[in-house]
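Two complexes, one shared chain (chain A), two partners (chain B, chain C).
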Partner chain A sequence: MKKFKNLKFVRAIGFNRVVLICVIFLLYLLFAVLTPVLHGGASFVKVERIFSAMNYAYFLGFLALGVTFVISTGGIDFSIGPVMFASALISGYCLTQYHAPLWLCLIISLIVGSLFGLLNGYFVAYRFLPSFVTSLASIEIAKGIGSVFTKTQSVTWPTAGSENSWYKNLVRAGNVPTGLILLIIAAVICGIVLNKTKAGRYMLCIGSNKEAVRLSGVNTKKWEMIAYVICGLLAGCAAIFYVGAYTTVQPGLGDNFNNDAIAACVMGGTSMAGGVASILGTVIGTMIMSLMQEGILAMGFTISYQYVISGIIVLIAVTADTLSRKRKV
Partner chain B sequence: MGEIILTMKDIDKTFPGVHALDHVSLDVKKGEVLALMGENGAGKSTLMKVLTGIYKKDSGTITYEGREIEFKNPHEAQEAGIVIVHQELNMIGHLTVAQNIFIGREPLNGGLIDDAKMNRDAKKLFEKLKIEIDPTEKMNLLTIGKQQMCEIAKAISRNAKLIIFDEPSAALTDAEIEQLFTIIRDLREQQLGIIYISHRMDEIKKITDRVTVMRDGCNVGTLITKDCTKDDIINMMIGHVIYAAPKTESHVKPGTPVVLKAEHINAGRMVRDVSFELHKGEILGFSGLMGAGRTETARAIFGADARESGDIYINGEKVKITRPEEAVSAGLSYLSEDRKQFGLALKKSIVENSTLTCLPKFCRRQFIDKKKEKEVTQKYVDMLQLKTPGVDQLVINLSGGNQQKVVIGKWLIGDADILIFDEPTRGIDVGAKEEIYELMNRLADEGKSIIMISSELAEILRMSDRIIVMCEGKITGELDIAEATQAKIMNLATMRN
Partner chain C sequence: MEENRAWQVPGAWSSYYSETDPERRMEILCAGSEENPSDKLVPLRHALWELRYSDPQDPKHRVDQFLWQFVNILCVYRMSGSRFFQKKGEKEIRQIMETMGFSEAAGFGAEGERELYWEFRNAARRYFTACLNDKSYRKKYFGIAAMKQDETDKKLAGDAWKLSEGAAERFNLTDEIKPFTQAVRDEFFSIVPDASGLWEGYAEKNESGVSTVHSGVKQKGR
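On to the complex of A and B.
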């Protein structure tokens, strides 16, 4: 075991992550065996199943990547789901009702997300509000604005094949999983920002000890706020991939994705206490969450089971994180 | 004075690297006030913590009311009638006085809290103690002095037989202190045992019957208060130990330019009209007792805490410092006394901590040049003789002395010209201490200017070119190293004005 832990590639990506990758395969195997048994001979081993799981992974991945930045500063943002929906609703409404050009609408989506990030970040960093309070407020604001803007109507983006539907290619172009490619690119960029730039360094150090960073002469408020803005921006991106996969958005929803995103993040080795984060872990965590929800549906259970499971995962992952830190100190 | 209520005999306690209590004995009689005195770190608090069960003693016996006891926690001690009235009060601000006094044992009436009875009982209690406080008042509307009296009342209501006052007067006005003394005399009448910890000589003379003096974890003797002078006590506190190589004269030549000038700095109760100058290449010692306002002064100058008034000049030019960022870019640095809370990101590596003060120097555009960062950090790790398997080691895994070196290294890499060292050798072993002293001398020789805040007189006398002594937020005196003695410093440090 110790020998395995010392292998070069294991050390490079972390033992934790290797275990998680194994979990993906085990889960797949589990679903492949159980689905026909539980759901009258239905098959789980199909390309369409993978694409379907991936559809979930794309937008969830962007949400989880964003929230990784916030968690690494020691904060939390569980308004990302509703913010993603608000972005999709507002930009979609501009597209369908005001006939704004598609490219502009995609940008609007990013802007809406970023503004919510700015709102959260400002009150956390400059007004010293606890991040969970700003999250609670943002959830309500995001849901409310989404509803008000669309007059409580659901918004259906152009379906595949119709005019203005090229945005669908961002998710899947024929049999090319463009969404996966874009998610990987985004993850690489996030990894670089978090690990190789000044911004990422400051965010992680703020998560470890904000006061020490402030006394080192760093403008901690600014960098803390930027983490929330990045999170919001990525929620805006997530909105595009959500409609790319599912087309229709309803107002007043979105909270159920918060938990999944945070679960993906924490499972991947990002510490809820801040200071330690892994982008690769977040991506793998996203895959696990997506596979899980696909499997649960395939086995004929309702999606409500997924909520139970992701809730339990958060509890287990955070407990494990707390325990491992206790041992070290 | 009656029979003995508490005897502590041969109490011994060792922490890693520190012999905190070296066979200390002490006794308290019913109906007396015993003063417990000593410099910071002499072991007074440790002894009281052993008594009340916060620390476990290594050896020795505690006899209380004729029985040998060992409390597992402060709660047990309280049940037995031993109560500490802390300098910082443990009151809940938004509850009423009566609710605070009866917290945890509220009188019930049909399952609900009987507030009326609570208020009546509190009132009776106050009458007995001749304290004038309305039991229905919210605690946070009372002055600190009144809050303290509530704390005493709470102790009495729990049938306290031995009350320990830990620097009770630090936050009180003169009138409040008088009132406190009236209560203490009253308690003495009622045959309670009282231990009074304080640094203030005049109070000791006024209120106590005997004085037990501690130094370096030992009990150096007990005096009858009315038979001794203030100087007797000071002499016992500082002892006649010869410390390693005290500086005999200042290394700063007359006419050396002033690099930092603070004028009329005010920040809260702990920094009152502080003005001083720091010369190039000087080590300026800030001495004083715990709570004298030295750390607060440093933080106010560094912009870590808000300043009400006062100007700061660096190299003769007035600078605006309201935030640490501005202080750092003006060439100031501040090594906190509490490195874990204020100095280090413990979950991060040595490199990541070291370059925190000047990360932009290691960046091309936004990207960190990790190779350069490591090289430079390695250079400082070698220079500071920091013992670590590598610069990627997490700071949390280092020893206290090595952690302190990371904090020092971080400011040296930042190339600050003015270094404020706040208790630079606290909690680190002797070997590392020597290295840090050497380093400070070397830095001063190289032209860096250093403010060293220290509670250890030996350290102050050994390192400083000049010494500023503070007491209760004010500078009470300035001594050149040539004329400074422990007795002079202690006199200034206990000088109330």
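On to the complex of A and C.
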């Protein structure tokens, strides 16, 4: 193991990331073998399966990227899923009921997400509320606003081929997985912000030792709030990719995506204690979660099984994180 | 610890180096300068004070550059686990050290190094006190659960070790930043005296764990 850890490419990418990449391949292999056995000869090795898994990865990736910023400051945002749904519902309602231009609706989605981020960030950074309490309240607010705004009706965005359906090209244009390209671009931007800018360094350092950062003259409240705003903005982006893939949004849902996004993030190497974050790890974690979701459905299990399995994955990821930090120097 | 004896704080200045409030320190410094006009190290103390607490962009804004660099070094250390980030980390740590008064102290020889050591100890005291007083530092699991005392001690020992020996070894700076590493270590043990077991534990894990020093990287002179 020590020899493997010291291999040049392992040291270059990082041992944890190499393990995660191996997990993707092993999972794919596992599903490829088990799907025909468990689901009456159905095949997992199909391009459609990959595209389907990708559809899930796009919006989950944006959610996970956003929550990486918040976790890096030592906080948590459990409201990202409902916020994503609220953004999709409100902007979709503006599009279908008020006939607002599509570009404006996409911007509304981003604004709604950012406002929720601002709300969470304000109460955490300026009112010193625990982040999990704030985000639990935000879950209810987001679900409530989504329901009130749409009068508890589901919202169906324009389907492929109809007027105003160009937004679907953001997810897939013909056979080009534009969603993947945009997710990679977003991940690169997030990586630059987190690792190369003053803002990112402040966020990481706040997660490491907030009081020392404050004493050193940094406006910790401002930068902590900005992390939540980025998270909200990316939840707004996720909403666009969600409707791009699935078209219809129902009010009162979205909680189940929090777990997946947080699991992807922690699995990727972002520390639950704050101060350490990995954007590449988050992206790889997202791919694993998406593959899991697709694999479970392909094997003929219902979506409820996926909730059970993603819950177990969160437990495993969190336990592994705790153990690795106990061992690590 | 022999070096520690060599770096005994001059009696007249012990209150200056035990005080952590910047304004109070300036008052002590001014008073001390008047009482000891022949002390040739007074200009260095003033220079280090300015370097540490002044914000070049906003003179009214009080900062603590040394304290910031403590957190910054830890951040660089944590982010440079893979080889991909190690060279970048080394470059960054060298840049950080250039802002920490080594060049200011160089002209004063061994006495300058001693003053730097005590300034670092003062910064380390402020850092460790901030850690112990910070509720968020003592939280785990997304800030939901509080750490036990032994967990906090372990975290503090980890931070102290990474700041001193860990960073110096990983980035090949063992000799160049000795006053810094020694100061962090000594101050940590003055705050948590019975933590030698934790410290050695970190050192052993480092020796047996993944390689930290990347051999083949040339040491640059300061």
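Simple rule for what comes next: the second predicted complex is superposed on the first by the 326 of 329 C-alpha atoms of A that agree within 3 Å, B and C clash if a C-alpha of one lies under 4 Å from a C-alpha of the other, contacts with A are read in each partner's own complex, and residues count from 1 in each chain.
Convention: contacts are C-beta pairs under 8 Å (C-beta built on N, C-alpha and C of every residue); 3 or more make two chains touch, one makes a residue touch a chain.
Source: prediction; values computed, not measured.
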{"item": "First, second, both or neither for A:G275, with chain B first and chain C second", "value": "both"}
{"item": "Which superposed partner A:N219 touches (first chain B, second chain C, both, neither)", "value": "first"}
{"item": "Residue contacts on chain A - larger count, chain B or chain C", "value": "C"}
{"item": "Touching partner for A:R201 - first (chain B), second (chain C), both, neither", "value": "both"}
{"item": "Which superposed partner A:I71 touches (first chain B, second chain C, both, neither)", "value": "second"}
{"item": "Partner chain in contact with A:G14 - chain B first, chain C second, else both or neither", "value": "second"}
{"item": "Which of chain B and chain C A:N209 touches, first, second, both or neither", "value": "both"}
{"item": "Overlapping contact positions on chain A, where the chain C interface meets the chain B interface", "value": "201, 204-205, 208-209, 211-213, 215-218, 275-276, 328-329"}
{"item": "Of all residues in chain A, those that touch chain B in their complex", "value": "196-199, 201-202, 204-205, 207-209, 211-219, 271, 275-276, 328-329"}
{"item": "In the complex with chain A, residue positions of chain C that touch it", "value": "55, 61-65, 67-68, 70-72, 74-75, 78-79, 81-84, 126-127, 130-131, 133-134, 136-137, 139-144, 158-159, 161-162, 166, 202, 205-206, 209-212"}
{"item": "Interfacial residue positions of chain A with respect to chain C in the complex", "value": "5-6, 8, 11-15, 17, 71, 74-76, 130-132, 195, 201, 204-205, 208-213, 215-218, 272-276, 318, 327-329"}
{"item": "Chain A contact footprint on chain B (complex, rising order)", "value": "302, 304, 323-325, 327-329, 334, 336, 341-348, 352-353, 356-357, 359-360, 363, 366-368, 370, 396, 410, 414"}
